[in-house]
């Protein structure tokens, strides 16, 4: 019965053209190695996310020329991203501690074929900082805004731009942030419309979603 | 000091062109009437969401010709939506009980200027139903998928299409759905990338976000 | 043994001089009447908070000349507040739905002896609105900022002023606000220091705390 | 008074014939050794679940010939499972990370006397994968479906088969999975009837329940 | 594309033979009427669960001869259950307040073709009561055990029988039962293996699952 | 098999001698009537707790001479409590709103055969009030302390006496009390040892436990 | 002002006669040493609870002859408990993993002057085990029942005895036990009256409370 | 566009004069070094909070003469606090385990220019201890009260003084304290008005808020 449905997937991949992603957390070095080898043999693009220190060398050995984003814990293969199409994706990090998640989003979006820009350290405690970047924020076709603690930045940014904002809560903060629950709820309750929430610390998902939003419009 | 900042807002409105929204829950009939009158005098488009039965007549009196979406509890003014631009928005409701939220999303997206289609009763318990609508699902530039209970439908749909899926959890279900918490968590944890989550029962927010995603790409 | 400790309380009351407060929720009309009568006989100032419609007439009958703040559900007795001392208390409401809680805070602070000002409808979705009130915000010796939904306003205001901000989450919002839990967490996690959080919808507590902060500094 | 009740237990064991299970987490090596020795002396079947690395050797020394399922962290004794009776149990793992729990379920069911089959990597993000295994899924008299993250797979499978589905949430996933809470709620709220939920990561419990469901029907 | 998948569903229905269920909560009287009429025209068995008082007459008018289980809020059509096949289903209610949920389970299982027995008021606070029903409990091929408050009964029963126990938490109890959360957690953590948990107050789901477990084993 | 266990219960009742309790919430008037009639015919003591307004007359008709504690929503039968034995039970209510729960505890303990005293309005915000009752508090062999909001009173009282304190959280308070969850947690975390926590608003359980603690010591 | 209140404490200690307890978690070795030295110089009884491995030697050096309960992580000084008075305290552990908490309770109660007995491995999954200890359970004037996972044992025991049961939830169990939350809720919702709940894993608090309940009744 | 808003921040800093704070958790040693160097070059005051052991030397090397508060994990630069102005800040720690958080608050307030006093080990289980410090408590213009477990101390203190109490919950305690959630809720629900709650373990935020409350009143 497989043959009845296999075309579903081919069709989807063909239209999407997005690289496959391998979530490395909870996988053994050997499992990751085998997957890397299979991808190399099969060809096509791939991302390895949440790569642990003990997995990196193996992946880089199996996939020569792959790009390792150390901060974002991502390995992208091939190392060169595709030539950018579609609109600009702007990734915004509220604070330095949110940088790893922001980097993961940025690398993901770039290797899905979008032009990317990164803006850091623009928390709402000093509004002049975010207001100082209005021009680049408004040039984006999709934004990724990463914030821990109160998670207020995505709602503030969404009120300043017309493009959709992908909001990523992070697990950074004091006790009552409850490992990211507080900023997650803040983002879901953002007063400004236009905020699309993804999972806590899920930079990959945010970058993927932003790349989809900013994708080139199919002709026709 | 207001004059220093007022241009921020004008700029945003000018670029966006989206109608203002009045959230009617928790407002008195008199407050809603005054807002309706002010909007009529000022001109421009407006949406009244979560309109209670005791508020509807007042709004319709103040804003003659407004459109009342009874199921979605929305009043749109003027009654005619703008001529559609951008891509198609497809709104999907998992079950009959999710219909009010789906309608709110649809009316919102249409009055923000998008062409819309509605697909109902395609829960994951019978996969043939969702698979039977693949063609329309894949024509969308943005999808809104509304589901209560297990909230599994948005993740399944996201795996079948290349456009972003705006996922709306609803408060429909047995006790352990905890008023929408269960489907909310399901959607945030969707295995397929491309799922943008909004607040529980927030059809307006979903329709707005989908309209932004499917907006026409600015020239240049 | 009572006499050993009774002076504790007299001492506290003497130094504080704040009116007694009667929380009316969960009390019968007869209980409230008896308390009002006792207060009238004893003299001194008093506030009745969360007064239900069926309790108001009784209180006003027992305490002629009392002031009834309908929106804030507060009865203050005597009706005239004391001549203001100390610094200015500015009460800020993010949206119209937060007004009852803001009014409760304002009436409380005024009857504890502070000059008060009220600023409404300055949500973070339109930053120009809050920035347009910078002058009055910065004149305050204590601020009360009331917000539901994402609860982001107190943190933004705290970043703009040097006085302490008393933050009051309200139970206004869509499902994932969880009856005020979301804005409560946001406020506890505010990035800007200087945010003092009180209970959900507790306008009385906020007004009391602000009045204490802005109290005249004792000579000495 | 013990003698009055002891027969209760003998009766139960006699009818059930299921091996005793020793939950090794939180037990010392010496405690586990003593239990293993006692079981060897007494005879009969036994399972050691959640066996830690520092406990394995001791158990294998005390119980020569025992079978050690490394992935599933189970030791079964005697090493040979009984000849299978009853119906087929099919164990399904949504992803590679769910494999340890799936293995624990499989080993348990097999050593309780059922024929077992294992199907892996059939997440709902690619429906063609689960649909490609329809034949084996429909041959089962009981299924165990293991999934983390959104936990949507058991509900989808339950809609495709007529046998009961034992659903096991795992603690795999991003932050908002809350250590398995998200898939647990998803499974409890499955739209399709026929889903029996067990504890997070409880492969043993799932395998036991499936073995009971697929047990041979007693004659008479 | 629908035709490619429609056979999936037919196949499932053909093998299962279980009646369709209509969850009436959140549906209008007119919606329920239309569904009832469609079912009558199409033929086949159906259950209406959670039927509200204002919906019952309409359903009974459209489906003459239907059976109305008042306590369980279920309407079954046709009124006569099928001749029983498979094994016995025993439904156990811990207390009188759990009876509506137990009745819903019983009616469901009976109209899915199982012989049923009901045992009531056997809470764990008086063990002699549950021990007094050991014989009937042990004759079951599947049990449904309904309990609120501490939810301890299913685990105790599972320790006394060899058949699977479907555990249904109810929303009955003092404040710290949190609308069924407490017994839900108790059941998920039952020490005895063999407990299959379903949603809070979900008698329909429990009855359906028990009917599947006790279904006649297909020949071959 | 019943006869094997029935003596268990007779034995327990004989030694305990406590009246049976009927929890009326969720029972119909007819069910309560039938239970009342059966108790009257059988004889012995009984308590009806959480009696609704529509149930009271029926109970009083079936059980002439029964005592109705209106505040505590309890009916005790026979109306006269037994002659007190054992030690004194002191019931303490932090505020007026906690009085119904305190009354339920008091009536329960009295009809289980203890001498009782009630102390009201001794919240920790004014320590002199609780310190003023030290003498009666220290005469108790068991105390019941009822408090909502911060629930701090039981821990403070436990630090002042040597007898055990039964702590009852109530659902009284602002939003972040979460229907009694806040005082429940406070009591479980009391710094002073000697605090025994029962369910939210469960005055019956608290009175019963206190009566057991203060029971006369059996000779021997 | 201290002198006004110091007698409060002396009075309490004099009447209670219970040893002071030092909670060692979160204290440095040097802090614990200083406290031990001060206690030795002052005289009187003391318990050190939750003693870490790195603290034990220091305590034993400062307090020669102290008793170290390794399982219960308690050091009692002097090593000899006082001659027992009052009634018997029976400590019951549901499983082997609950033993450390049970031991802490037992050592505490014994050094507060009660005779103690310990019963282990009597989980509700095998009722015959708890029923086999009925005689010793019924001889107790206070019981401590320690259980993790479903936490059902205290409620079952409370239904079998007339003395109060102090229930201690433990953090033992699979994921949905949520570090002891599940058994905590179970115990708070126990159907049988007479269950006094204390904090998760708080064996010290349970032993102290039981010792108070079983204390000798003061003459007079 | 930056120049339009930059003055906002200068204005704020000028009026506030509070040192910048660097939250070191989640920052690399190199990042902290770079920030320290930049601050040294720029001049002005700064606090480094939550400094890890591996970061301290680097900070002290870059900022010679800085003060390292080991207990409070704070580095203040310059090492000398400014000459105190405004009112007295009294920091109160309920127990020894709350001392690190109390120290962080004290160092923060002192380096923001306030005179500080520290009171330790005054938990509510022994009221005489807190009552013994009434004089110093009442001399404060702002208090910081740090408490874990039941978190009852701030509410008790607030009832004894007229100045505002900044309440800091700590993550100290048994399981049901849930890492500080229990004392957090207690403080939010304090019966006494005048309690300002900050985040769990957030000594810095508490010290900052207290310094603002006790700031000198600007002339005019």
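Odds and ends about this structure:
Lettered A, B, C, D, E, F, G and H in written order, each chain numbered from 1.
Note that in this section a contact is a pair of C-beta atoms (placed from the backbone, for glycine too) under 8 Å apart; a residue touches a chain by one contact, two chains touch by 3 or more.
Chain labels with UniProt names: A, B, C, D, E, F, G, H = Nickel pincer cofactor biosynthesis protein LarB.
Predicted, not measured: the structure shown is a model, and the values here were computed from it.
Over half of the residue-numbered contact pairs at G-H are shared with one candidate from A-B, B-D or A-H, namely A-H. When the C-beta pairs in contact are tallied for E-F and for F-H, the bigger tally goes to F-H.
Seen as a C-alpha superposition, chain A sits on chain H after a turn of 90°, to the nearest 5. Remark: chain B and chain C have CA centroids separated by 36 Å (rounded to whole angstrom).
Taking each chain's centre as the average of its CA atoms, chain B and chain F sit 51 Å apart. Centroids of chain C and chain G (each the mean of its C-alpha atoms) stand 44 Å apart.
Chain contacts: chain C has residues 4, 8, 126-127, 131, 134, 159-160, 173-174, 176-177, 181, 184, 188-189, 199, 205 touching two or more partner chains. By the document's touch criterion, interfaces exist between A-B, A-C, A-D, A-H, B-C, B-D, B-E, C-F, C-H, D-E, D-G, E-F, E-G, F-G, F-H, G-H.
Residue ranges of chain H in contact with chain C, taken from their complex: 8, 12, 15-16, 18, 21, 87, 131, 134, 138, 141, 159-164, 166, 184, 188-189, 193-199, 204-205, 208-209, 212-213, 215, 217. Those residues of chain E that touch chain B in the shared complex are 1-2, 4-9, 23, 25-27, 31, 169, 171, 179-181, 184, 199-202, 205. Contact residues on chain H toward chain G in their complex (touch as defined above): 96-97, 126-129, 131-132, 134-135, 172-177. By the touch criterion given at the top, residues 94-95, 123-127, 131, 149-152, 155-156, 158-160, 173-174, 176-178, 181-183, 185-192 of chain A touch chain C in their complex.
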